[in-house]
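Two complexes, one shared chain (chain A), two partners (chain B, chain C).
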Partner chain A sequence: MLQAESSPYIFSVLYDIIFQAPTYVIFLELSLLLLVIWIIIHKQSNGGKHLTQKQKEEIIKNWVSEPLVAEIDENHPALQNNHIVDGPIGKFITVDGIKCLNMATHNYLGLEEYPKIKENAINCIHKYGVGSCGPRGFYGTVDVHLELEERLAKFMDQEEAVVYSYAFSTVASAIPAYCKRTDIIFADECINFAIQKGIDASRSKVVYFKHNDMRDLEKKLQEQAKADQKNPKKAAKTRRFLIVEGIYMNTGEMCPLRELVELRAKYKLRLFLDETVSFGTIGKSGHGITELLCVDIKEVDLISASLENAVESIGGFCVGSHFIVEHQRLSGLGYCFSASQPPLLTQAAISALDIFEQEPRIFEQLNDVAEKVDEQFRYFTKLELKGHPLSPVKHLYLKHVDDLEESEKILRKIADECMKKGLAVVAAEYLPIEKFPPKRSLRITVNRLLTADDISNAYKIIEEVSKSIA
Partner chain B sequence: MIAGGHGNQNPNEDWTMSKGFYMFYMLVVAVFHLILLSIPFISTPMAWTLTNITHNLAHLYFLHIIKGAPWQSIDSHEHIRETHWEQLDSGVHWTLQRKTLISIPIILFLLTCMYTRNDEIHFIANFISLIVCIIPKMPSFHHRRLFGINKY
Partner chain C sequence: MKNRKFVNSDIEPKKNGIHHTNGYRSSENIIKSKLTNEHQDNNVATDKYKSIHDSKESFEEAPLITACLTYFGFYLLMIIGYINQLFFEPKVATEKNRDGYVPLFDSFERFYLRYVYRRVKDCWNRPICSCPADTLVLKDRITPDFGWSFEFTGTTTKCLNLGSYNYLGFAQTSGPCAEDSIKSIEKYGIATCNARRELGTNALHIELEELTAKFFGVEDAIVFGMGFATNALNLPSLLSPGCLVVSDEKNHASIILGLRLSGATIKVYKHNNVKHMEKVIVDSIAYGQKNGKPWKKILIILEGVFSMEGSIVKLPQIVEIKKKYGAYIYLDEAHSIGATGSHGRGVTDFYGVDPKDIDILMGTFTKSFGSAGGYIAGSKSLINFLRANSHAHCYASSMAPAVTQQILTSMKIIMGLDGTNEGKKRIDQLARNTRYFRKRLAQIGVITYGHEDSPVVPMLVYLFSKIGAVVRTLTTRNIAVVGAGFPATPIMEGRIRFCLSAAHSKDQLDYALSVIDEIGDKLGLKYSRKPKDPNPIEY
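Right, the complex of A and B next:
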């Protein structure tokens, strides 16, 4: 016994340990040892799929490759209405060789009156070439980009701005930069396609509320608040976003920003405002809807806007506080992974901003023209005007036709006829994958340079054509 | 850090299989154990039990409690509600790294039993810690949150 306890041989020590232990301990230990051996031998399950060589060959044989280009229907609208536009686009536009009054493109401010912009852009080509084709974080940043960001932030009275090279990708990358899988987005039904794609990319849960219907939104927010009360642990980890447009591209209506800001405070939402149309068009100095409705810009968490409409360049930008904007420089996919905006277009945007700052009267003029168009275009016999009086984008709906396809056909015909008679308007085109297919309409854009004569002339043409077709 | 630039969308799946990781693992456990052993009033069985329990608690915390990944995934956080264990090998069971990570606590437990000479109190403490760290590793507990523990 004494010998065994102080035995120098490890085996006798082990022997002691094992045989002095209770039986259940030995039993447990042995079964654990067996478990380890079993785990090591156990094969990784393949989902129960073991194919024989024959089965494999059969699958390979039966596989048919899809054609690289799918066959296109001959009646596809893209093959039908081809219009060719020549020359510069300004107050007038040459479509299929006919000089038309332009109420189709989004250059609301008529900046072609200022040749300085073009001159500066050309000088910029001499200085920088046409761009580095590198993303901003990778040899793509040129000093004009930084200047534009600084100027935009100053113009919008925010801490910082970030410039994207394409307007569509601005909002489509800004949304998934913040909204993640576990979050909830409240969005208006009529938001434009870029925002819809951004929401898709975020994979968040989406709740759509009726267009500009604050009661519906509040009802849905209350429902969410109730669900949150039931599950406070989950609610603590979900963020709630509210996404609206300043002026809706698809309807021409303005969002009730004051009510939205109140709801934001009440339900602790993060508010994204897309000012694709409203930037540079409304407000005393063109700052957009926050200026027009006298809402403190700090109440809006993130503003994104396009440089393709009022500014007449290419690109888009987001403004907000330093923390919000800086996050996009690593998480905004459109910023990280696409080539930077060509410097000449950046320079054009800077020159346009110069004009915005020096001559704020252009916004007043645009609003006057928009109101005049609104007054006159209310009296069509077959068409109904919708849209806010100040909005530079207006929609004409058919009064008596509700069917989407039929109205689309009629509106296309009207647009074609108008173009033949010297007025360029477009039937708004939507992709079939829109979340809520908007009612088809004739989209009118207002140009600052339109005179009273031009407007009544346009009215006459549309009235005449729509009467004969619809 | 953004994941997926040049390789795995979720590097959390396989960094534990990278070169030298298990050497590092063993060294951390061994050094921790040696430090415990060198403290005068801790006996050898006590040191082993403490090593074992700490190791199992570390497993529980790092593999089964904290969720998500330190890498920011570009496809908006698929794994935000998955523990590290659930992310391993894209959720495939009985892969090599899973087998290794199950076997290590068991072997450590058996060693501890031997060095504590199967003392009853040590055995019970070690066994409970082993169960707590092994059960969530079982395939039937994949994505399952018992009693809603650690659900969000």
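Right, the complex of A and C next:
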């Protein structure tokens, strides 16, 4: 009854409302309504299109796929530079049958000298076999992994360490474990490729600052602070990270850690430090850049490093507080979803740590040699040396060529010629997809066992070859 | 140009494929396609495979009451967790010296790990102190505070190993593999300390790449130091924005990471559902990219044996679809290489598919070869492209000599190049163990997923708490197994996974089965409503 009586009444009220309302309101509401309808239809019809079966078939018939991969030219350096190494890698390396002085591979400490490492690794095969046959979660955690983690944490004076089976995946997994889509990362533009990939995987907003330029970093931090003031709600949810390397693989330079730590505190950043090169090479007992620059290690939130350089095994690790590091055991993709490190490689790393702890003089020796190389290699006619004097990785750039491709060609030629003359050096290889393509260089690594004679010999060879080629 | 020709010659069968439900073709169409399609033999063979293999794969649904109880149990755990959180301080480390910072971790994730996962935390990351062979030795640990922390008791427990991916039993502490690996350490040292593109290549790497190519019967192969990285660091160089990836929903995390890094558009199809995959491809090509442009290329990514589902990919049908539409296939054989096929060459061998029809063959050496690392095999041009563009080849350390040698020796044994039939024996033993174990489980009345020839056997226990109960009970009976629950599986599908090995003997399997039978009654695991085979199963 009530309904029957009220409906004409409602219509009359509606009629009143529509005609009393200003026209612009009606117009606005109508357009809103249309917009909603359009969105709904648009969503359902797959991008505004609806195709019949026949149209679909027509399109499919005409669709042509690109080839799976682009054809690579036979003369591409990756296919041409097939140097084959034979025998163990130490102060010397045998390349294509020629015994060369080794200034190319990353075994800075020359641990080849210590037969104990090999012996222990062999015993490890007798006990555990070669592979671990499973990820850490599924019976792939072998007691040597736990031992290595404990030892690394103790060595670095941190609460906890987590070991990965591959150095590249260490930092590339650690970064996206913490940095998420809504976060901001401040990173040096010369960071190595693994860190770049970690940042890509995190999908965070990334701000690159000029290499080791603290003013530029502070400027960018201030810009961000200004943006934050405009949108404090968003800023309260945005985590900020600062990612740097101890010694940069791509430049050989050391980061100004003290200034970075100050900025970290001032702008409330979390600092991730990659010690791929600096772990086991600098500092009185090889602890890396925090020890060398006397920075409290607690100021750094997470340290990641490689076991493939100074330690001469395969793998990587992260150290830090329990709070930070424990998280990677369930969120580090390369940790959870990959088979664990083969126990023999873990054992090799433990044995290397034994030597680090028992004979800290090896770090001093390495630093001495690095400085000597630095002194001598400053005087090439055609090449310019860059890199921190203490760094075991140094770069020689062509003085007069800036073009990437051309310099790459010349440097490869120089490296090949040097190898023929008994000195192994490499032209550092980079892919064209690097974020900021590094200037091409000869990458020189310093081995602890190099004598003064070796260094001057190496100098002579490089000088002679580079003069004749460049 | 080659591709264009390809697409055109396939127009006829394509239409049929779309219209006919189930993807089956009438005999008339088969004749037609025989005339037009150069791959005629494959197509007829495919139809045969479809009917045979579909019946071999089973995904029995849970009873409704179990489904309800599972959800109820899970939410109950969550509610109790919230109450727990209100009253008890968590025993965890906190961040020091970072006052005023935005919290580092997501709050739900933190809650889940502390109050739900912690209850069963002892079932994972269990340390072992032996080779992961047919048996393994667990390092015993206890938790004095309900999972917040663990202490080692100093004792060990020897368990039957049904958890490791040691399919062909090459995880050995002695024998030819171990001996050769030791020799390689003596000759080459521990590691190469350099990337392949620089000075990280030795004769072992070259030999392994040649042998891998020969193993599959393809033109070339490239190897990498880590299986996970093989996916994560090569997919980005193969794909670019504007490419479409059609990916199985159960694909491994390393594939998903690689795809995320590549910038390609990803469309997911239902697990192992060829019909749905075809629909995704048809719609995608028809509607093109969001900006209206056609796709550059389409890559179908799938795994040979899915490690959580135990299913085997329906490869012949997928090869057919790939040819029909001019897409490419990326096949991840992490769990199938060595473990399936009568020659141990993975799913292509299993189905008799020509490996050259698979554009990218990828796999790992971690599992069947008892080592570490991964490979990609395929055409010369593909491998050359990777040598020039792969992230891992350029930047990551090359494979360690001992690890390389272990693969070389085990691969030679599988191929019979060592002059014995040891490899064949192992492959047959694994196949026998797999069939026997799966059939006996069905007889016991538990629900298992997957294909009857897949050595990965997931047994469904559904309830979250049952995962913990089963793993713990089996440990007390000296059997080590792997449990998997949310978030690794859907909330509904908590499971226990058995991985079979050629190293297992019938007695060992019988023991495990008798224990499963017994605890199946006690813990209520016998969910299956399928008729049971009353006859004893032959080994």
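Criterion: the second predicted complex is superposed on the first by the 412 of 470 C-alpha atoms of A that agree within 3 Å, B and C clash if a C-alpha of one lies under 4 Å from a C-alpha of the other, contacts with A are read in each partner's own complex, and residues count from 1 in each chain.
Basically, a contact is a pair of C-beta atoms (placed from the backbone, for glycine too) under 8 Å apart; a residue touches a chain by one contact, two chains touch by 3 or more.
Every value quoted in this text rests on a predicted model; they were computed, and no experiment measured them.
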Which partner does A:116 contact after superposing on A: first (chain B), second (chain C), both, neither?
neither
Original post:
What is the contact status of A:284 with respect to chain B (first) and chain C (second): first, second, both, or neither?
Top reply: neither
| First (chain B), second (chain C), both or neither: which does A:181 touch? | first
*asked:* Quick check for you: in the superposed arrangement, does A:330 touch first (chain B), second (chain C), both or neither?
replied: both
Can A:143 be said to touch chain B (first), chain C (second), both, or neither? second
Practice prompt. Name the contact category of A:215: first (chain B only), second (chain C only), both, or neither.
Written response: neither
Task: Name the contact category of A:201: first (chain B only), second (chain C only), both, or neither.
output: both
Larger residue footprint on chain A, choosing between chain B and chain C, goes to C
Q.
Let me test your reading of the model: by the given contact rule, A:237 touches which partner, first (chain B), second (chain C), both or neither?
A. both
Check: chain A residues flagged as touching chain B and also chain C 180, 201, 203, 236-237, 330, 333
Per the touch rule, the chain A residues reaching chain C in their complex are 46-47, 49, 51, 53, 55-57, 59-61, 63-72, 76, 78-79, 81-90, 93, 95, 104-107, 112, 117-118, 121-122, 125-134, 136-143, 145-146, 159, 165-169, 172, 178, 180, 192-194, 197, 200-201, 203, 236-240, 268, 270, 298, 301, 308-309, 312-314, 321-324, 326-327, 329-330, 333-334, 336-339, 341-342, 344-345, 348, 424, 426, 428-431, 433
Chain A contacts chain B in the complex at 14, 16-17, 20-22, 25, 28-29, 32-33, 35-36, 39-40, 42-45, 176, 179-182, 201-203, 233-234, 236-237, 330-331, 333
Note: in the complex, chain B contacts chain A through residues 2, 72, 74, 76-78, 80-81, 92-96, 99, 102-103, 106-107, 109-110, 113-114, 117-118, 120, 123, 127, 151-152
